[in-house]
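When the chains are written out, they are named A, B, C, D and E in that same order, and each has its own residue count from 1.
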Amino acid sequence: MADKIKFAFLLAGGCAGCEMAMVDMSEKLLSALDHLEIVFWAPTVADVKYKDLEAMEDGSIDLAFIDGMIRSSEHEHITRILRAKSKILVAFGACAALGGIPGMANQHTKKEIFNQSYFDTFSTDNPDKVVPQTTTRVDGKYELTLPEFYENVLRIQDVAEVDYFVGGCPPHHDFIAKAVEAIIAGNLPPKGSWLTSGKAVCDVCKRNPANKDMARTQVFESKRIVDGEPDPDICLLQQGYLCLGPITQGDCGASCLNVNMPCRGCGGPIPGVKDYGARAISAIGSILGSEEAAVQLMEKFPDLTKLVYRYSLPSSLLASKEK
Amino acid sequence: MAKVGVYVCHCGSNIAGVVDVAAVREYAETLPDVVVSREYLFMCSDPGQELIRKDIKDGLVDRVVVAACTPRTHEPIFRKALESAGLNKYFFEMANIRDQDSWVHGDDHAGATRKAKQLVASAVAKAANLEALEDTYVDVTQAAMVVGGGVAGIFAALDLANMGHKVYLVEKEPSIGGVMAQLDKTFPTNDCSACILTPIMVEVGTHPNIEMLTYAEVEDVDGYIGNFKVKVRKKQTYVDWTKCTGCGACAEACPAKVPDSFNCGMNDRGAAYIHFPQAVPKKAVVDMKHCLNCAGHKIGQEPRISKKTGEPMLAPCEKACAADAINRSLPWNPEGELIEIEVGTVVLATGYRVMEKEHFKEYAPDSPNVLTALQMERLISATGPTGGKLLRPSDGKKPKVLDFISCVGSRDIRHHTYCSRVCCMYMIKQARLLMEKYPDLEIYMHFIDVRTPGKDFDEYYTHAAEMGIHFIKGKPGGIEMLPDDRLRVLGYDSAMGENIEVDADLVILATAIELPEDAQKLAQKFSMTMDGSGFFKELHPKLKPVDTPIEGVFLAGCCQGPKDIPDTVAQAKAAAASAAIPLAQKRVKIEPILSEVYPEKCSGCGICVPLCPYNAISLKPYADRPRAVIDMTQCKGCGVCASACPSGAIILHGYTDDQIYSQIAALTQSA
Amino acid sequence: MEKCGLYLGCNIPFKAPDIEQSLRQVFPPLGVEVVDLPGASCCPAWGTAPSFDIDTWLALSARNIALAEKQGVDVMTGCNSCFGVLSEAKHVIDASAAKKDVVNEKLATIDSAYAGSSKIYHIGHILHEKIGTEKIKKNLRYSLDGLTAAVQPGCHLLWPTKSMEVTEENPFFPTMLSDLCGALGLRAPTYSNIEACCGMGAMRSTDQEKSFILAKEKLVRMKEELNPDMIVTTCSSCYLQLDGAQKIFRDRGEIDFEIPVFYYTQLLALCMGADPAEVACISDTPRAAIIAEIQSEQRRMK
Amino acid sequence: MPTVNLTQMNTHEIIQKVVEFGGDGVVKCIQCGACASICPVSHAGFPLFCKQLIRKVQTGYEEEILDDPSTWACVACNRCVEVCPRGVNPTEVIFAFRRIQANELAISTSSLMSQSNLYEKGHAVLSGESKKLRVKVGLPENPPTSVNDEKAQKEIQTLLDNSPMADLGIF
Amino acid sequence: MEFSPNIVGFACQWCTYAGADLAGNLRCKYPSTVKLIKVPCSGRVEPEYVMQALARGADGVFVGGCHFGDCHYKTGNYKTSRRMMLLTKLLSDMGIAKDRFRLEWISGAEGKKFAETITEYTEQVKKIGPNLFKGGK
């Protein structure tokens, strides 16, 4: 057996859910650890500091995962460091690969976000109107610093070259296991690829009419999940619940569909798609049965953008607003 | 790496007079993938094409961009040039720098030149991403369909049949003949319409290659050139046509009163009727909408038994029919019969209607003495409501003063902006026929302009003036109703520059020719495009006058635009000849600009399946999973499925994502 | 009770106030409350602002319409010309947001604003469409059975249909006024030039003699074709022309007949029992005899 | 009438002017004559009715017809608008020309009276008899209009003062 | 220099592209701002194309198809209409000025309308000003 693979795991701007998913591999993680030597996984698993990472030699890490997105100068800094140290860098999970849920903040300016966070909410008590500064002098002598909060949420690939992408919020543990096994076996696609089956959720969804030898029909009325409990055996889209399964990579095994919830797109677009949201409205717009149905949809979903870009707004072709 | 050759056309001065052609050529040289860039006076000329062929043969270029007029007319020409030089003809792309540039930006030479450069860059970018495609061929069903049994349909059907092809002639009325059968005499020779048309109708009726489907309408069309599947509904006649001899006894016996459409509503016919005396086929129908169910004998029921006689009580039509063709006890299906016919080509000859007078409020439409010209035609016809006698509808008296008004609904933005083309001539014809028969009549005719451009037409008109018919240049703006049922036409005489009035017994309105509503519905079934005037649009106004955007479907007669009988017959014969070409070739080419599924990318979501307007997409197992597949013979290449596919598994050859993105990139490069 | 803003114009209040009086008397019993539009001006007449500057015309018209809008009522006019000017102005303003802005900019200088919420009706439309002949019949005290009228609807009530709230089924062969006459028991057959112009208005002020050509042709055809007991019109201009010109023709010996002329609501008021001294007492062509006949005992309804 | 040399006419300028003053239909006219046939102005015998005016404008006449009062005889009956098959809106062409005439003060003096009445009292038509007549029929001396309403008169004057009409010095 | 917008157009080959050619035949003048990309049907225009053009800095994007009922492929333009309705919403949510994107139905017989539409649309885009966004991927 060859040497153990030197492995690093970095949390950038996320919630650490992806790391929890990794742990959810359970026994499979244990057997994987036979092949992995964890050199950095702060702070969840290993007590290694940024400076320890900075001290490593460039290219000394074989494989690095990053979860979470870039929201601050700290995220960018450490991502760039890890990139330099790693032979293979994987953007792991929806935030890292697409911008994720936090990416929806790109519909708002930094100023709006600060106002909301530090002034406007009912529970905020901030009479001096204090907002975070990158540097603060305390007692006239101590200079304290904070990372800079960026105008926009960025993906990992916006600040560093990414070799592979994994979707999911979080990635499904069965799928992580497959990916890790493939990496260990050295069975990797060309760089820049997604580690994925390349198939949509529908391919693995037991509700897909095609999987039941039934014909798909057009949709005349859109529904939200609050509008009632969907029939658990029939395709949600057919029932009018805007499921994004057809547009989303299905390495999750249609987990949400299995619990009667529509897909919201965390798996990311099928490879080759340039813009997740645009592709989603093209597909959904196509199966609507009438002009009225399109109008009704927009009334039903007044914030359509946050529906179709729930996990991928920073990946949109029009990632930032026209100023 | 693609080797793109760019060829910029001067089109004489059409392009070069506005666009700096040399600058465009030089700019093209700087574009990626471009290996050679040339300009020439007329690229479509043989020496122009030779420039391209030589560069291909010399191995210099393997993709060709021509910047010239428009691909809509010239793409096929240049593709042929590529083919003859041994290059796949789909390695061709055109930049439209004439129709969409020099011709519309004549006052902005700099802007036109800048746009030409961008259009060339866009074409080059697409060209570099083009793929080789191959034409395929399918066999042609050896039969043709002609829709519409007027004079246009009659001649199209006869010519096709005489060439040896099986022809289905579909006509919505019980008889063929169309509007021409309603006409009295025809200009400019004044020969009797029925006399010249009837023998030809009989020829159609007896032709071994022609199957007439009268009282029938096209319900649905599927398929493509060479293999159309047309569903035709034969409406229920309630008369057994295999037995009916056309004697007309049922029509005479029928007590119902229905406005006779053949006589433009000027008299009544029965619910049981024969379309007109010279009908072909001469068969009766029962118009069930107006049937009175005499003797309580409803369709499909046994007759009641008379208490007096003990005999069954039959309706008069049943009793009158000696041939036993009318049997109301039978369970006639009101839906008639739906039959599916397979044909290789189709000629549409659905004809026209004239506008009703009700639209023209200023012309006293409520007066019975205001007639449309077609009503006038029936009024002077020997088979018309008065047996050919000129009588005033309000009181049956002989009129003394007649007044014709032209351009009623034509050349009028409230109705139709076009000239109906035949009105001037038929008004003059009617006036002449009337003058010849009743020399004491006073006849006035109001024109905006008298239009007589046909052979012998102007002589016909000037002779009418010599006969004493009064021609007045100026359109009347109104009619007043006088107490004695006469009509005061309020006119203006442009020649004198004076207001004039005519107190007329009869006013005849030359109402516009227009496409009937049912023809518009038919147009949708055949995916016809309509022109600005509301008629079926030919593929090219000059060079493809009987072709349509749907390959294998051709046009004849007034459904394509107003025209007279000689022009209609000429066009019908042209349409027949064109429709015969695929039949003679026995196979037709299918262009490869079609959609295709990459099954290994397909996720089987099935979203594409209900989108296809041609039902070309289905899900079939591929490596044990349901995957979409497109039937190439059904696909028309619209690309709606490719745009919808969430997996990007469908591509439309000739318009792939890569190709279009490269064009977007080129057009958003600052030029 | 439905309210309607009575737009008086110029001719009615200044030259034929008996018509104004008839308007004020007939509507309340028919269920329409007449609301005044205080401060209303000239519509403005075709020969004034509309002949000089479009925007000035629109602003003046819009100011009048705005008076009704402020009270939340529609406008009804007794004068055809006012109806034409106001309808056309409303049509032009409502068709273009830009025009509306221009108009409101002007109105802002006088603290007014045009919204487009009030419709423009002619009193004939209110009587025919809103009240209806059945309701009119129920309010009559005298019947005109056996009498014949020649009606004169007037140009501005007929065309252009594109800018009017209510239109005749066929404006070239109008029937509304004949219907309204029919409600009074009056026979009002059509005649050949029923739709023609009487020559009043701008034409009469430009060249009285030429305008009389039209008026005379109209009167002669009425006389020859119908021999009517009276002429009935819903246009104050036609009323003044046909009444006034008739006297002149007679004085000059150009015609040998006289036909009394009524504005429709005058006749209606008489049939409802109004005092002729209030509602029908100003005319050049004598009306006393026919008025006496109308309100005679034999004609009183049971 | 002397012969008109068409090449010496400036058609562009007058057409442009008519279009600017609201008669944009003038270029659509094909001289079919429908408007003339029912035009009261033509029937009454005025020389420059709708069709003639349009033709003359199309031909480039301006000075030659500027003083013709026929246009002021148009009662705006709009029947021509209703029957015109080309969407010319002849009434508007006449009014456009009237506006050109008005701006050159090529108008009758009697018309000036209406303008000043409108300015002073808000009514183009007034009558010296009116008060007497009104009292006779049992109405107040003045109707509830601008005639006796200073605020309303001020409003109308403001609108007119701020209009191009004010530049003509006719109030 | 006056701002001359760069407008990327997508035109169905049966209607709007033919209408644009007809504008040429009729010599109807319009600004040289729009450059058409020919597609078989407006239903081939993916919302992503519109976004890509805007992302790459096109000042305006124009999509032209057949009138309802006139689609050469029966129903393609209905699909276009529904997709573009949703796209318009997305673009506005993402802060793209309303007239950066325009959908019009122009038939092959409407050469004059094509010229008028482009003239009017160009004016609209001029009013918004240049697209400063250059983010195409």
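The rule we apply is simple: a residue touches a chain if its C-beta (ideal position, glycine included) is under 8 Å from a C-beta of that chain, and two chains touch if they have at least 3 such contacts.
Keep in mind that what you see is a predicted model, and the values were worked out from it rather than measured.
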{"item": "Partner chains shared by subunit C and subunit D (touch criterion as defined above)", "value": "B"}
{"item": "Steps needed, at fewest, to go from subunit A to subunit B via touching chains", "value": "1"}
{"item": "Steps needed, at fewest, to go from subunit A to subunit D via touching chains", "value": "2"}
{"item": "Chain separated most widely from subunit C, comparing mean CA positions", "value": "A"}
{"item": "Pair joined by more contacting C-beta pairs (A-E or B-C)", "value": "A-E"}
{"item": "Central subunit by CA centre of mass proxy", "value": "E"}
{"item": "Farthest-lying chain, centroid of Cα atoms versus that of subunit D", "value": "A"}
{"item": "Distance between chain centroids, defined by C-alpha means - subunit A, subunit C (Å)", "value": "75"}
{"item": "Approximate Å spacing (C-alpha centroids) for the pair subunit B, subunit C", "value": "51"}
{"item": "Where subunit B and subunit D are represented by their mean Cα positions, the distance between them in whole Å", "value": "48"}
{"item": "For subunit B paired with subunit E, centre-to-centre distance based on mean C-alpha positions, whole Å", "value": "30"}
{"item": "Sequence positions of subunit B contacting 2 or more other chains", "value": "362, 478, 611, 640, 643-644, 657"}
{"item": "Where subunit C touches two or more other chains, by residue", "value": "171, 195"}
{"item": "Residues of subunit D engaged with two or more neighbouring chains", "value": "43, 79, 82"}
{"item": "All touching chain pairs, where touch follows the definition stated at the start", "value": "A-B, A-E, B-C, B-D, B-E, C-D"}
{"item": "Subunit E-facing residues of subunit A, complex", "value": "107, 273-275, 277-279, 281-282, 284-286, 288, 291, 293-295, 297-298, 303-306, 308, 316-323"}
{"item": "Of all residues in subunit A, those that touch subunit B in their complex", "value": "198-203, 208-211, 215-218, 245-247, 250, 270, 272-273, 279-280, 282-283, 286-287"}
{"item": "Residues of subunit B defined as touching subunit A within the complex", "value": "601, 603-607, 609-611, 619, 625-626, 640, 643-648, 657"}
{"item": "In the complex, subunit D residues that touch subunit B", "value": "30-39, 42-43, 51-52, 79-80, 82-83, 85-87"}
{"item": "Subunit E residues within the subunit A interface of the complex", "value": "46-48, 50-52, 54-55, 78-79, 81-87, 89-91, 93-97, 100, 131-133, 135-137"}
